[in-house]
Structure formats: C-alpha cells, structure tokens
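First subunit A sits with subunit B, and in the next complex the same chain sits with subunit C.
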Partner chain A sequence: MDLGMLLAETSGYVLPNEKELQWSVLIVLYPYLTGLVAGAFILASLVRVFNSKPVAPVYRLALLTALAFLICAPMPLIGHLGHPERAFQIMATPHLSSAMAMFGFVYAWYLMAVLLLEIYFDYRKEMVAWAQSSRGLKRLLYTVLTLGVMDTSEKAVRFDDRAGRFITIIGIPSAALLHGYVGFIFGSVKGNPWWSSVLMPLIFLLSAIVSGIAAVLVIYMAINWYRRQPHDMKCLNAIGRYLMFALIFDLSLEALDVVHRMYEAGEWFEILGLLGSGYLYYTIFGIQFFLGGIFPLVNLALAQFLKASDATRQRVYFFSGLLVLIGVLCMRWNVVIGGQLFSKSLQGLTTYRLELVGGEGALVAIGVLFLPLAILFVLAKILPPWKAHEEARA
Partner chain B sequence: MSTDPEPTKQTDERSLSRKEFLKGVGRSALLIGIGAGGYAWWARITSQFTRRREPVGDARHNYSMAIDIEKCIGCGFCVEACSKENNVPPGHFRTWIERYEVMKDGSVRINSDDGGINGFSDDVRAEDVERAFFVPKLCNHCTDSPCTQVCPVGATFKTEDGVVLVDYDWCIGCRYCIQACPYGSRFWNPVKRTADKCTLCYHRIRKGQVPACVEVCPTGARVFGDLADPESPVSKFMRENATLVMKPHLKTGAKIAYKGMSKEVV
Partner chain C sequence: MAPQVPRLILAFATLVVGFLAFRSQVVPDSFGETGFYRADSVKEIGDLPMKHAGEETCATCHSDFAEATSHVLGGVACESCHGPSLAHAEDGASSKPNRLGGDVPCARCHEEIAGRPSVIPQIVLEEHTGGEPCQSCHTVHEP
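Entry: the complex of A and B
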C-alpha cells in the first residue's frame, strides 16, 4: 500500500514503523477458532464427566465440531507467516521462553492425545459394526479407523468407555490450557497496555466456553432443521441454561477488566479511552457487550424463567447463539486489532482497513471461518453423531 | 484312564497360548519396527531443522550507544546513512529522528515525517514555539529484551558482545517480536519477509568501525563504544553526563542512553 495514504490515516503521533498493522484479520480468527474448539469440548465433557444427561444428544456432535475447528485452527497462523515453509521450526527448535513456541505442542497434544483418542474410543464399537456391514472402500475406511481392533466383547466396550472417560478428565484441563494459553500470548506482552493483563487468559477461556456452547447449539438446531428432525427440547433447555451461566461469568469478568482499567487509569488511559470511545466503540460496547452479551443473556434468562412455548424458546436459543457467536468474534477483533490501533508512543491512533480480496482479506477470512463447517459435514457423514440417540429414542 | 482327558485339554490350551504368544511377538516386532522407522524418519526430518547456534561475538565487549539530545540538529543524515548502509526498504526505519515542539500554550507537537530522513521543515510560526529539540531513536539493544524473549524459534538473539540481532535465515515471520518491542524499533521487512531492526551496524563494528549513523553525524550527537572498556567514548560519556533510558519502568534493560532527555519524550 502507498505509505502516503497510510500516513493520512493516522492521528496524533505514531512511531514511523507503526504505520502498518502487523497482525491482520487472520490472527483474529486464530483465537476465535481455538476458542470454539475448547468451548465445544467443555460442553461435551459435561456429559461424560459431570453426567449431564440432557446434553447427551449433542455429545458426539460437540466432539466432531471441536475436531473440525481444531483442524482449521493453524491455517490462519501458517498463512500469515512470512516464511510458511519454516513453520515446522516452531516444533523442531522451540525457543522455550516464548509463549508462542508452545503452540505446536499444545496443539499436537490436544489433537492427538485428547480429541482423536476420545472420538476413537467413543465410536470404536460402531465403527466395527459399520465395517462389518459394508463393503469395498467403506469397509476399508472403517476398518482402518478402528485401527484393526475389532473386538466388541462386553469387556472391550467397557474398556472403551473407561478410557473415554479418563481422556475427558485429562481433556478438560487440556482445553483450558489450549485457550488460556492463547490468552497468555496476548496478556504477556508487557509493552502493549491493551493486551497486558493477567485477566486475559481467563477472559479468553470464558469467552471460549461461551462461544463453543453457542456454536454447538446453533449447529445442532441447524442440522435438525436440515434433517427434518424434531429438536430435543430437554437438551436445548439444558444447553441454553449452560450458555446463560457461562455468559454471566464471561460478562462479569470482561466488565471487571474494563472497570479495573478505568479505575487504575495508568499512563495509557487517555489513548485507550480514545480508542474505546472512537474506532472500537461499536464493536466493543455495541456488539461485544450489548448485542453479543447482555441482550442474549436477558433473552436466555427470560426463556428460562418465563413459561414460553417450545417454538419461542427455539427461536430464542437459536438467535441468542448466533448473537453470542458474533459477539465473541468481535471480542477477538477488539483484542487483536484493537491492540494495534494505538501507537506505543501512547500519543496517536492508527486505523485498520480490511481489504476484500488478497491473502489476508475478508474473503479468505470468511473461507477459513466456514471451512470447519464443511469439514464437519464430511465428519458427520463418516461418523454420524446422532445414530445412537435416535435408535435409543426409537 | 480317568486322568487322560485333562492333559489333552492342557495341551490344547498350551498350543493355543503358544499361537497367541507367537502372534503377540509378531505384532510387537511389527510395532517396534514401525516405532523405530518412525523415529528414524522423525530424526532425519528434525535434523534438517534443528541446529545449535554457535555463540556470536566476543564476550569481552559490550557495545552500546549514547545520544546527546542537545547536539542533534535533526539533519537526518544518520537516517539516510543507515538506510543506504543496510538496504532498509523505503518507509521503514532502523533509526529515525523525532522532533518535539513545546508550544507557548503548553501543547506538545511531535512528528517524525519520513523518519526525519529529509530533515525537518518549519511548520509553525517560530514565535509560537517555547522550545524544540530532536530525539534520534534506534533499537535499545536491551539486556532483557522482550523481542528475544518472545521469538518462538530463537531467530532473534543476543550476541556475546551485547547486540540484539535477527537471523534472517531462521526467522519464520510471525511478527510476535514486532508486537513485543515497546519502542517500535522493529519492522516488517517486505523484501526478506522477516522481522528487521538496527544491528548497531554489526558488520562494521566487528571490524573496529563505528555504525554508519555515528560516522555521518555532523555534530557528534551519537556516541558509540564499548561499555566494557572504561576508556571508550561511550563509557566516558556516560560517566561524565547524567543519562536516562527510554521507558525504564518496563525493565527491559534498554542500553541506549540519552543525555538531556525531557519529560515530553515518548
């Protein structure tokens, strides 16, 4: 881009090297995607570990959703690197004092040791049955997926169950680590007052839980409409309740962060105040707090406490879920982009213009955002997440 | 007679278990084979990436720079020399000059158009200005540099003689260091597709020369030397003058010392 044009977009004093933003919309998507993974997994673990029976119909869907988003999570990161061909160095020569260096390990651990294993143990018995009842490529696929373990004796199935439970117990702190860690990447940058906060990992984690629950809720309802299946209202009510509680914690923590910053009013107060009341005003207070936070919270609470009809509740849940998803996306935007919109001189602001096309443009971002849904579609074809429940119900 | 069937059964079981045993051995051997092959493959792949960095530089030195703000006239020669010496892409700066104008109404105007490479022209009436000064800036070569701390692959490192450098052949271009530097001293080099910054002209100082910016400064506002040598210009300058560093509260161990720094400096 022409530097003269960029110069015109700054106000106050911006250091000469700060006239371009370093982390684009792709880096906004990275914490968003990992957050959805962590949140969806934690919803699944409610069933497995905390024995929340009403949520059981979405247990498998939540796991597959987490996997689909996890597969896509590194894409924006690698796409953003100046030398993507050197990406593997982050695992081969990790610099141990760097928060970012841990990404490869945290990611690999979560994918290999938690998600894939849990899905494997949960589906193994059925995969054996599908392998035996099909032919050709399909048979080969399911046989490979069982890793050759075709034993479906009661003992073997009991082992699967116990193993799955054990992995979920490991998985909960792992999910917290996966996303709390992403918050730490930002929260530990001491030179950036917008990011530097000990609350950052916690806020990231809670908003992750909120977004993951909302994503599973919306995807579950959409799939039911698509398959012309009735919603399980007990399940929806339970997810709605969890979403409401998660939102309360999340909003409280985010509000605490804002109040704390305003009360502390450090050297950065004026410039961050200008940012919050200017460029980021609508995305912070309009969307993140109100449309994506307070408004769905009030609606969910009303749906819980008022005697609303099932149809009304369904609408409330679906739209609250959508709004929450948009709100959390805005939160990521406010953190990642917002943290780069003021100069480290604390004397000036710059702006970010999202381009439509190009490697880091809006179209690529939208593609990365919706690719997990395509992957989920394929995963659900291979490992139908609803069969067991519908058979049980029938 | 009555004991006959039993041994037969035992034999059966034994033969079964032997079969199982052999099967187990076969499977284990296969697994070990796969494991060993996998490890060999992994080691081959990683050996291409893993390498130990030999320490760079001579630990007997500790290079640094001091700046006399009162001597800087804002001519911009240093910025231009740096740019030419180091092939700095246009619009990016390893060093730059800021102009501060404290106005009679108390407001402060700061600017650094084009990093000061073309000097500065008058933009306000002289009689409205209470006082004005120029502040040259560059990488502070911090002893506890946040950029070195956050680099995920160790491509940014500190030399034994106290200079923070980027290994351009190792940097993956994640830009975390640019975010972490509190001074805005780092930038994205669109040609190398890596992070970039001031090297104190490492290629020159290793040969006993001074950095390009120091060489061309017409007023001696930039003082370079070896802090480990009490007789070097920078050691003398810091002994004889009261100096400050940028953003000391961040505890980065910034080394570039400034004489005559006023509270307006950001």
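Entry: the complex of A and C
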C-alpha cells in the first residue's frame, strides 16, 4: 500500500511506523486457535478429573479437537513471520529471556507430555484390538501407535487409566499455562494501554474455556447430524450448563476489566474511547459483547430454566455455540487489531484493511481456521472418538 | 513396571536424542561464544570490502571544504551527502563521488518531520522551493 493511501486512512497524529499494522489477521487467529485447544482440553478434564459423567460422550472428541487445533496453532505465526525454514531456530537456539521463544517449549510440552500421552493411554486398549482385527497398513498403523505394547491384561489397562488421570491433572495447569501465556504476551506490553493489564491472561484463559466448550459442542452436534446419530441430551444439557457458567465468569471478568479502565481513566482513556465508539464499535459491542456474549448467555439460561423441548434445546445449544465462537474470534480481533489502531502519541487513529488474497489475506486466514477441522476428520477416522461410548450404550 | 513405561521412555528418549543430534548439526559452532549470535559473523562482516573512506581521508585533499563549513561543524560527514568514496580516495581519476543536484540529499535532513530535533532547520519542501533546486539559493557547504 502506498503512503498516500495510508495517510488517507489515518486521522489525527499518527507516527510514521504506526500507519501500517504489523500484526495482521493471522496473529488474531493464533490466540484463537490456542484458546480452542486449552478450552477443549479443560472440557475433557471435567470427565477425567472431576468425574463429570454426563460429558463422557465428548471426552475423546474434546481430546482430538484439542490435538487438531494444537497441530495448527503455530501455522499462523510461521505464516506471518514468512520464513518457515527458520522456524526451528526458536527451539534450537532459544533465548531464555524471551517469552515468545519460550512458547516453543510450552507448545512441545503440551503436545507431547500432555495431549499425545493422554490420547495414547486412553486409546491403547482399543488400538490393540483394532490392530488385531485389521490387516496390512491399518494393522501396522495401529501397532505403531500402541508403540508395540499389545498387553491388554487388567493390570496394564488399569495402569493406562491411572496414568491418563495423572496426565490430565498435569494437563489442567498446562492448558492454563498455554493460554495464560498468550494473554501474558499482550498483557505485559507496558507501552500499549489497550493490552497492558494484569487481567489479560485471565481474560484470555476464561474466553479460551468458553470457546473450547462451544467448539466441542458444535462439532459434537455436527458429527451426530453427519453420522445420523441421536444427540445424547444429558451430555448436551451438561455442556450447555458448563458453557453458561463459563460465559458468566468470562463476561464478568471482561466487564471488570472495562470498569477498571473506566475508573482508572488514564491519559489514554479518550483515545481508547474513540476507538471503542468508532472503528471497533460493532466488533466489540455488537458481536463480542452482545451477539457472542449476552445473547447466547440469555438463551442458554432460558434453555436451562424453562422446560423447552429437546429439539428447541438442540437449536439453542448449536446456535449459542456458534455465536460464542464468533464472539470470541471477535474478541481476539478487538485485542490484536484494536491494540494497533491508535497512535502511541494518543492523538491519532489508523485503520486496518484486511486484504482478500496474499500471504496474510482473508483466504489464507480462512484456510488456517478450517484446516484443524480437516485434521480432526482424519484423526476421527483413525481414532473414532464415539466407538467406546456407543458400544457401552448398546 | 507396566510394559508401556519402557516403550514410552524409549520413544521420548529417541525424540530428545534426535532433537539434540539435529541441533548439533544446525547450530553454528561459534554461536554463543561472545553473545547471543554467531561469533564468526563479526569476522565475516569485518572482512567485507570497505566502501567509505571517512572524513579524515577526504580532508587530506579537500581541506577547503572539510574545515569550518557549517555542515561539517554541525557533524555532517562528507559521505553523508556525497556517498561512499573510498574508491575515489584510492584513485581520484577513476571514480568520482556523487555531485549534489536537485533537492534529494537536502530533504533527507531538512524536510519537516514533527519528530525531528528542532535544532535542524526544517522546511516543507513543496512550499519552500517552489520546484527550484536548493542550490539556486543556498551554497551547499555553507547553506
């Protein structure tokens, strides 16, 4: 974009290096994807650690969803930096004082020490059975996935269960660390009043839990429709309830942050007010707070407290989940893009133009956003998450 | 010990050893010797061919310009406007430094920018020159 166009899109006094935003829509997707990972895992932990039996039908789906989104989480970062061949350097020569460099290790820990191990222990007994009942490549695949441990004695299976539970317990603080870290990256930027807040890691974590629960809810219902299977209403009701409670906490915390900023009313307050009442008005108040927050919350509450039919509840849960997902995506947008729209001089605003094509355009972003679903489809083919539950129900 | 444990340890050990082997291949030997960078790069950069002569070198022949002009006294080195001139210093006949023309090198420092220190005189080029080159009114070394 040439200088003339950039100047035409700014107002007030904007420093030269602030006219064009450095963090694009791909950086919006990065906290969104990691949030879905953390949220889906925390939903799974409700079954394993807190023994929430009604949610058991989505336990494995939540784990696979977390894995699929985790595989894609670094993609927007690598796409944004533009040198995938150098990406390994963050692991090979990590700078220990850099929070961003430490992400590589948080990511590796979460992927290998938490998610892969938990999926391994949870599926091993069935993978042994699938290996024994299949032939050729499929047999080889399942044998490799079991690491060659074909022992399904009661003792070995009991160990799987205990180890899985232990890893989930480790996984909960790990999930909190994974997404709290993302909030920390923004919250620790002292020079940016839109980001700088000690509440930021908590807000990110709460919204991650909300979006992860919503994602598993929507994916579970979509898979049931695709497979022409009935929904487990006890499970849907329980997830709906958890989503409602998580939304209450999330919205309360966000409201607390807003009230805190309004009361503090620093020298940045006027420019942030202009931002909120201008460029970000619809994405903050229209989508993030109302369509993605208050509206689904009221609907979920009504579904809980009124005696609605199953069909009505299903619609409420599905559309509330979708709206929450859109709302949290807008929250990420408002944080990442919003934080770059005002000048450090606090005297001017710029705008962000999302291009359709190009390395950081809308099409790439949509691809990165939906790629985890394609990966989840493949994972579900290899490790069907519904088999054990359906067999138990039968 | 449950049979899963040794296999998992083996799998993780393989990953860790594989990573360390990969790291030993891709991290340059001199990385970290003198800081968080490849120490050899300092020597490699030092060995690059020089292009600038330095204002003391210019002054050996052009003392009339290098002494007591307001630009020089203000800390502006000769090559800031005339460009890299080592080749000219080594062989004056075969290479000539840039001769100034138009308003480009002047505007580099004197175009008005709000963040520029106010000790540097500044103008809005379009309003100030009316399209005329700066040299029409100003002498370059004593503007």
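In this section, the second predicted complex is superposed on the first by the 391 of 394 C-alpha atoms of A that agree within 3 Å, B and C clash if a C-alpha of one lies under 4 Å from a C-alpha of the other, contacts with A are read in each partner's own complex, and residues count from 1 in each chain.
One rule holds for everything that comes next: a residue touches a chain if its C-beta (ideal position, glycine included) is under 8 Å from a C-beta of that chain, and two chains touch if they have at least 3 such contacts.
Owing to the predicted nature of the structure, the values given are computational and were not obtained by experimental measurement.
A.B. asks: Subunit B versus subunit C on the shared subunit A, clash or fit?
C.D. replies: By the criteria stated at the top, subunit C and subunit B clash after superposition.
A.B. asks: Is A:304 touching the first partner subunit B, the second partner subunit C, both, or neither of them?
C.D. replies: neither
A.B. asks: For A:92, select first, second, both or neither according to whether it touches subunit B, subunit C, the two together, or no partner.
C.D. replies: It touches subunit B and subunit C both.
A.B. asks: Quick check for you: in the superposed arrangement, does A:17 touch first (subunit B), second (subunit C), both or neither?
C.D. replies: After superposing on A, A:17 lies in contact with subunit B but is clear of subunit C.
A.B. asks: Which chain, subunit B or subunit C, is in touch with more residues of subunit A?
C.D. replies: Of subunit B and subunit C, more residues of subunit A lie in contact with B.
A.B. asks: Considering only the touch criterion stated at the top, classify A:151 as touching first (subunit B), second (subunit C), both, or neither.
C.D. replies: Only subunit C is touched by A:151; subunit B is not.
A.B. asks: Could you say whether A:112 touches subunit B, subunit C, both of them, or neither, answering first, second, both or neither?
C.D. replies: So A:112 only meets subunit C here.
A.B. asks: Which one hits subunit C, of these parts of subunit B: 1-9, 91-99, 163-171 or 253-261?
C.D. replies: 91-99
A.B. asks: Identify the residues of subunit A that lie in both the subunit B contact region and the subunit C contact region.
C.D. replies: On subunit A, the residues that contact subunit B in one structure and subunit C in the other are 13, 15-16, 88, 92-93, 95.
A.B. asks: Could you pull out which subunit A residues touch subunit C in their complex?
C.D. replies: Within the complex, subunit A touches subunit C at residues 13, 15-16, 88, 91-93, 95, 112, 117, 120-121, 124, 147-149, 151, 155-156, 159-160, 163.
A.B. asks: Over in the complex, which subunit A residues touch subunit B? Could you list them?
C.D. replies: Answer in residue numbers: 3, 7, 13, 15-20, 22-23, 77, 80-83, 86-90, 92-95, 97-101, 103, 185, 189-192, 339-340, 343-347.
A.B. asks: Residue numbers of subunit C touching subunit A in their complex, please.
C.D. replies: Touching subunit A: residues 2-4, 7-8, 10-12, 15, 19, 22-23, 26-27, 31-32, 36, 113-115 of subunit C.
A.B. asks: Sort out for me which residues of subunit B touch subunit A in the complex.
C.D. replies: Per the stated touch rule, the residues are 45-46, 49-51, 90-93, 96, 98, 110-115, 146, 148-154, 170-176, 178-188, 192-194, 250, 266.
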